[in-house]
Amino acid sequence: LSAAPFRYVHEVRFDEVDAAGVVYFARFFGWCHDAMAAMLAELEGGYQRLVSERSLGLPAAHVEADFAAPLRFGDSVRIEVTVERIGESSVTLLFRIERARDSLSVATVRHVVVLTDLAAFRPVPMTDDLRILLAKHIPE
Amino acid sequence: LSAAPFRYVHEVRFDEVDAAGVVYFARFFGWCHDAMAAMLAELEGGYQRLVSERSLGLPAAHVEADFAAPLRFGDSVRIEVTVERIGESSVTLLFRIERARDSLSVATVRHVVVLTDLAAFRPVPMTDDLRILLAKHIPE
Amino acid sequence: LSAAPFRYVHEVRFDEVDAAGVVYFARFFGWCHDAMAAMLAELEGGYQRLVSERSLGLPAAHVEADFAAPLRFGDSVRIEVTVERIGESSVTLLFRIERARDSLSVATVRHVVVLTDLAAFRPVPMTDDLRILLAKHIPE
Amino acid sequence: LSAAPFRYVHEVRFDEVDAAGVVYFARFFGWCHDAMAAMLAELEGGYQRLVSERSLGLPAAHVEADFAAPLRFGDSVRIEVTVERIGESSVTLLFRIERARDSLSVATVRHVVVLTDLAAFRPVPMTDDLRILLAKHIPE
């Protein structure tokens, strides 16, 4: 069974642009978070139960992004998520964002997130279900 | 001692405009909420302690707004808050929003908020400290 | 041919809740706007071309909302859009928002929007294509 | 004349937390942008005129961030902005974010922004007024 990137689509909303007429840069990070949440839907109860019932979260410890081209209202993006590394508690996620209509690469974003007990706000070892799910998206 | 409106100032942020180049209408409601929060700073511990320690909140039950003129990036607004009515659990707040540079009236917003026990999410009777503070902003 | 409400679905995002742990009230207005935009997708080029190429927008002149129940992270909503009135330049849209899992009514929102020339920011008479599309969603 | 960091203060808003009860990570990038905008207020007409009248912007080309501690509703932050490098068109800005009540370091953010003609969306050489202002914030 071959590993595959997780794919996510987002349509730029009317309120996601800024006074320069292009998508506000901070919006990209939210889309990447939402792509991660969608990828975790395969967990029992999804990301929602992870947070609300198991009191586990995946806050960002490190973020980096390169922006190559602006997006405008009316654009859609495809986000391809791959898992670069699974650590003791941390996961490195790579998001490649391209404009849907012409596959232009618009941004590359990397999130290092840490599995965290939300009550104590402390890192916890990766759970088995998360590790299995994440491993499916490690490129070969 | 004469009642007086509470005054709040907001500078339009770069990311508060939309694809039409004017401030996105939903932003106004957030500013009004922030003006209410600032008005409640006079409570011991302010709005923050009300929510985080006393587990009380003021969610909106009813909102209405009339928009008279668009705002753009670079504009500032003055918001004048008055209390129209204090009920058993509810408060009716009136927000008059004007553009700072020329006092142009840009919107009138009314929020009916309900003092709510956030754990049970049920209305609770108005507390004395809130009633006293709110009464200061009822026009004569 | 019978008129029908337009239906739109939204899944509450991780960042749409507030410090009280429920969806921030101002988010509902954005969802209603997005539902309107989706309804207008049937126009040639959709809402996007209306704004970007025809330089026409539908800013809100009046908004009112009643909130009946809180939403939490993990909830999804169904929004049913109907057109209450088509005026010379204005349209009154009614949004009934219910929680997907149990059809609980969570909010009713009404937007009066005005067809506006975005360059001059002046009302313009309703266009034929908009009038025809909107009329499909007037309840009988 | 000694160079000095630019200082900016932000109070966490009610709607800036997420379903994990802490400030949503993407909010930090917006605060840094706002700190940059405030730093540019010293330009004639400020950041607003730069964008609206001179049609110049400073979109991000690269962003990186390390998050050290969570923030909650009720927290305030101090942001210290320094200029690490001024290039032909680009500027590297370093933002050190600390919690106001105890000076706890909560995040370090770096933005590489590029002076851009917003009509053509192309880099342009740094203007003199920007270069002079930015140079004031290069640490010695």
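Things to note:
Lettered A, B, C and D in written order, each chain numbered from 1.
In this text, a residue touches a chain if its C-beta (ideal position, glycine included) is under 8 Å from a C-beta of that chain, and two chains touch if they have at least 3 such contacts.
Because the structure is a prediction, the values reported are computed rather than measured.
Of the chain pairs C-D, A-C or B-D, the one whose interface repeats that of A-B, sharing more than half of its contact pairs by residue number, is C-D. Shared residue numbers account for over half of those found at the interface formed by chain C and chain D, and the copies are therefore classed as meeting with the same residues. Ranked by how far their CA centres sit from the centre of chain C, the chains are topped by D. Averaged Cα coordinates give chain B a centre that lies 28 Å from the centre of chain D.
The distance from the centre of chain C to the centre of chain D, with each centre set as the mean of the Cα atoms, comes to 34 Å.
Centre-to-centre, using mean CA coordinates, chain B is 24 Å away from chain C. Touching of two or more other chains is recorded for residues 14-15, 19-21, 24, 26, 30, 33, 51-52, 72-73 of chain A.
On the side of chain A, the complex with chain D involves touching residues 19-22, 24-27, 29-30, 33, 51-52, 57, 59-67, 70, 118, 121.
Within the complex formed with chain B, the chain A residues making contact are 14-15, 17-21, 24, 26, 72-73. For chain B in complex with chain D, the residues that touch the partner chain are 13-15, 30, 33-34, 37, 46-49, 51-52, 72-74.
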